[in-house]
Amino acid sequence: MQTGKASWLRLRTPVLWLALLAAMGTLSLYASPYTVIMVTNILMYVILTVSWVLFSAPTGYISLATAAFFGVGIYTSATLGGQLPLPLIILTAGVASFVLAALVGALTLRLKGVYFAFFTFGLVELIKHLLLWYEVSVTGVRGRFVVSADNVTIYYIILGILVILLLTSYLIRRSRVGLALQAIGEGEDAAAHTGINVSAVKTFVFALSAVFAGAAGAAMATRWGYVDPYIAFDYLFSFTAVAMAVFGGLGRFEGPILGAVVFAFLRELLITRFPYVYMLVMGSVLVVTILYLPQGLVQLAQKSTWRRLRGHREPA
Amino acid sequence: MKAKRLTRREFLGVTAATGAGLALAGCKPSVPATEAPAATQAAPTKAAAPTAAPPTKDKIVVGMSRPLTGALVAIGDSAFGPISKAFVEEVNAAGGIEVAEYGKKLPIETIIYDDTSDVGTMTRLTEKLILEDKVDFLWPACGTSFIYAQAPLAEKYGYLLITAEGGASTIREMLPSMPHVFVTLSFSDWYQLPVFAELVAKAGAKTAFVTYIADLHGIEYSGSAGIEFPKNGIDIVGLRSLPPDMTDFSEVIRAAQATNPDVFCLFGYPGQIMPTVGTCMGLGFNPKAWLGGPGVNFGFFHTAFGPAVEGIMGFDGYSPKQSPALKELADKLYTGKPEDIQDWWGHPFYWAGLQIWKQAIEKAGSLDQEAIRNIVATEHFETVLGDTWFDKGLLAKECHMAEIGQWQNGVFEVVGPVEHATAEVVYPKPDWPTG
Amino acid sequence: MSLLEVEGITKNFGGLAAVSHVDLRVDEGEVVGLIGPNGAGKTTLFNLLSGALKPSSGAIRFRDENITGLKPHQICHKGLARTFQSVKVFGGMTASQNVLAGAIFGDRGQMSPKQAGKEAARLLEFVGLSAVAAAPARDLTLANQKRLEVARALATKPNLLLIDELMAGLNPTEVAQAMDLVAAIRKQGTTVLIIEHVMKAIMSICDRILVLHHGEKIAEGTPQEIATSRTVVEVYLGE
Amino acid sequence: METFLGVVIGGLLIGGLYALIAMGLSLQYGVARVLNVSHGEFIMLGALTTWSLYTAFHINPLLSLAVCGPAAFALGYVLHRTVYRRILATSPSPGVFESNSLLASFGLLFVIQNVALIAWGANTRGYSYLAVPVSLFGVLFGANQLLTLGCALVVGVAFYVFLARTRVGKAIRAAAQDSTSAALMGVNINSVLALCFGFGAALAAIAGMLISMCYPVTPVMGIPYTIIAMIVVVLGGLGSIPGSFLGGLVLGLIGSLVTYIEPSLTLVAYYLIFALLLLVKPTGIMGR
């Protein structure tokens, strides 16, 4: 019995993930068309959050550049839409974000702590205003139409990006790079003297994380129809990614995913059911969560809920 | 170590459970899955679909995705927001809209979602309204960019869309490919700027300094000015684009002042117009004509600046002096309410748009989008604007009661075009009040 | 045979020379001590040698190769490892992960994860931390954290190990253990350059001692010579 | 030449305001380590309160200082005592505190903005107060803008003197240097942090009051001001009050010059300078 239980425990994690993947992978077969759209949006936030976590959680560098990479993706889609097939556009967007992030990373990753946060925030705004200036003064257009794509296709593309992202982060966590990243987070000097090429590792992972935000931007833009620099480079995406990750809990792999899902779903619920107090409720939830669950929502799962459940199970 | 692992596994269970729960929650409000795809395809004619069963319906559900929070909330809340509210109240007080197919009056029920001033959210919520709530009609989102994003969706699902806030000349080229979209509000080139240019040119204006916000609206209006002003013999002596998010334009005004223009234009929003008026006063810059908008046309502009608004010109839609119907509208909307909520530009257009919508439903005798669309596209309607119709998707030029207004003695008078004017243009505008 | 040769190395901060024209030579198999009053520039010298700081002038040759101006990780790969005066263990990682990081990243010869794990276990055993291998590094005692740093540095397979104050703040028993550890390191073939304040210890474990004062080398010699040097005694007593 | 003088002085006028909004944020970040993204919401509260008092009761905007300042101070103080202090207590490391408190202030931003939307409605508000020209060195300026700069200077200098001379001020500075040793010196660190947060909020509200005299006010006006404050704080050096003041003036000047030449590049210039400074000297112009 003991061994049976143990092998089930070992298998439970992959089985549950596979079940979830199967459920997600067939969503368009059983869910309503709008559910697919809504879940696409939630998954988009999961991508932004997990890609943020990929770099920022282990290193402790708070990046507010998510919106910049997302925006690069959106604009790639807006400028190349119709000229290239969608998968190529998404790939291009990922590469463009990678290049931008690599450049930014090489330049700025020596900035410590909050300075890096400030710089990346400024980056979003700088790109936005430069692009706006360029569009107004050079091309003479401010907004661009984005060639739209089928909702179900976009859903599967977003799901695909997310699956690749989750696999990437899982593999990175278990790889040499993951160990290096963790060491860097614990102490950069010591990491460097232990033989880790600190700037190369940081720049690489930062750029890698940007690929996913960029790809997601390119895919989502097709759902938006019309974009301009203000719509595409909205710093709220950066802050939201951080908020979702902290809300869910940075301590665990699943925390940010949970945070993004609950946050995005709650937001959807509030703007449709209680639109006039959406911000009030959302804000209160964030404040209360961080006050009572300083490790994020995951704390809820590990502490009270499970202890209580176990308490009920054991006597039986 | 071991204990940690256990909790982690358990936690994964929670994650998966949450995911499953979400999938369920997502499905809950929708009809059984098999029916859903059919409904999508049938969307254009879905109102007619129930003919198989005896038609029963006790309300007309109208859906809107509006900015209730975020940067656009001020515009949404002062422009189409109050109009839609007042219109629904009035119609429902009279029992609703007569729909022959159901043999009775159906009251309007509105579903309003908050798009948080975000285009992505707006398009998603628009699809929610159409696909999940299966609203009978879609009312417009707020802002030109938003219209541009929403119109293709309305077209895709075959929903009639009569727009409110926003519009630009570029939409004219798109309208032939979007037969379900109708634009009510006036924009730069057919309407306002030719009228304004002619008006001030006649009064003697020779030079103009043009500033505009760096967005669709600003680019469009400055472009039109670039055509219309020279056509009327007015030289553009300065052209500046202003980035959104800026509040202080002192140096732009100083630059304008240095060229000593007859006309000063600011094609921006209240966020730019209001501080700029203050700056002009503070710097003693008093051009002979001062045109700004949208913003000048709102009641709150007058409340904010009091007598200082005298002579300032803006975009206009009507004056209660023009007809009994318009007076009735103004009384209905504004009497007993703070002056802040007045909008002398857009309100009559939005109201007329809703009137056309109601009359088209009554004429069609059903809620069939196609039938109603055909009526909207081809027929004439009696609205607050008088005889009203759409011409190639745009509210016909002939239906416009006003283009340019000017604050005179605390009232936003129509000064252009001359045939609709309620007062003669004051040029040059009076000095800013002192003290 | 000389392992490390430093010529006229100088580091200026603003107008102040923290290290000034220091010559230094360490031969293979030696244990060399570096002493001096607080602020003498000992740790700065370590930072220069390990690449944390770039020298204002002077040259560093390590194993007949000029390593001046190389980055810390490159110097580590050349076979020069170090520990820190104020401990810098990876606090949130376990003791064995700390050493593993050293084994994986410090070794030029691309160790397989399995080998690295074995090597880490061996080194933890070597410094006497096997019992706390699974504990987060931040929960270890100061003495153990210092030992952990030594193990992490050794995991990078250095030819030369720079140890910065292994014994500060330790009780007499721990000091004795630390001295044994240094002896063991030398025995396994690693050359050691060590900064230490505990005089008794340094005198007994070092082959040679250098004395820094105000950034300059004021004396060099066997423990015996240093203990009897007038200049050194003056510096220490004059404090 | 006259124009140039006008542009320069105009830059200082707006710069004074920037300085004021940045000082509050600098205090909150420099001492309490809270990157308070809801800073602009306190500006908004100050501005809307002043507008209400002026339009409803014709109370001189400057007098509303007596209401806004203390009220905002109390609000900020209480917020720290309840929210941030608890987060501080539950955060295992400064890094965690920084991200958790960032999330909390993000939440507060939402709450405050929504409450203001409900209380005041969404309309753009404004009033004209002292919008009359005053001649200075032969160049005209708005009297309200000059008044704004004057107030910003007075408040800034008064606050600096307070920090430099009074016991509480010294405690705050000690805490800014090093909270642990300040605690050892007998400073009650928690109340100092709460005081800083309160002062930061009060400075924001005062800035809001001044802003309302020249610029439109809405419940959603806060975020752009928060962003300006962030830029200035970085320019001046995190946690340096004189730095914030200088940074504000510098940014105002740059903005003014660029706006005069090509306004569409003003914000580009802001962020370019911001980014370059971070790359070249991240500790800011007055940074250590």
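We just call them A, B, C and D in the order they show up, numbering each chain from 1.
In this text, a contact is a pair of C-beta atoms (placed from the backbone, for glycine too) under 8 Å apart; a residue touches a chain by one contact, two chains touch by 3 or more.
Please read all numbers here as calculations on a predicted model, not as lab measurements.
> Measuring between Cα centroids, what's the chain most distant from chain B?
C
> Which chain's mean C-alpha position is nearest the mean C-alpha position of the whole protein set?
Here the chain at the core of the arrangement is A.
> Just the number, please: Cα centre separation of chain B and chain D in whole Å.
Measuring from centre to centre gives 35 Å for this pair.
> Where the centres are mean C-alpha positions, what is the separation of chain A from chain D, in Å?
Each chain reduced to its C-alpha mean, chain A and chain D end up 31 Å apart.
> In angstrom, rounded to a whole number, how far apart do the mean CA points of chain B and chain C lie?
72
> Touching two or more other chains, which residues of chain A qualify?
129, 132-133, 136-137, 276, 278-279
> What parts of chain D, by residue number, touch at least two of the other chains?
113-114, 117, 227, 264, 267-268
> Got the chain B residues that touch at least 2 other chains?
Chain B, residues with two or more chain partners: 69, 214, 241, 243.
> Got a list of which chains touch which?
Touching chain pairs, listed by label, are A-B, A-C, A-D, B-D.
> In the complex of these two chains, what residues of chain C are touching chain A?
Interface residues on chain C, with respect to chain A: 50-52, 71-73, 76-77, 81-82, 84, 88-93, 97, 100-102, 104-107, 152-153, 156.
> Which residues, counting only chain A, touch chain C once they are in their complex?
It comes out as residues 176, 179-180, 182-183, 185-187, 189-198.
> Okay, in this complex, where on chain B does chain D touch?
Touching chain D: residues 69-71, 73-74, 76-78, 211, 214, 240-243, 245-252, 254-255, 258, 270-271, 274-275, 277-279, 281-284, 295, 298, 300, 303-306, 308, 340-341, 432, 434-435 of chain B.
> So in the complex, which bits of chain B are touching chain A?
It comes out as residues 6-16, 18-20, 22-23, 25-27, 30-31, 33, 36-37, 40, 68-69, 112-116, 118-121, 123-125, 127-128, 131-132, 145, 148-150, 152-153, 156, 214-216, 219, 241, 243-244.
> Once bound in the complex, which stretches of chain A touch chain B?
For chain A paired with chain B, touching residues are 9, 12-13, 16-17, 19-20, 23-24, 27, 29-35, 37-39, 41-42, 129, 132-133, 136-137, 140-143, 145, 148, 151, 220, 223-228, 230-231, 234, 236, 252, 254, 257-258, 261-262, 265, 270-272, 275-276, 278-279, 298, 301-302, 305-306.
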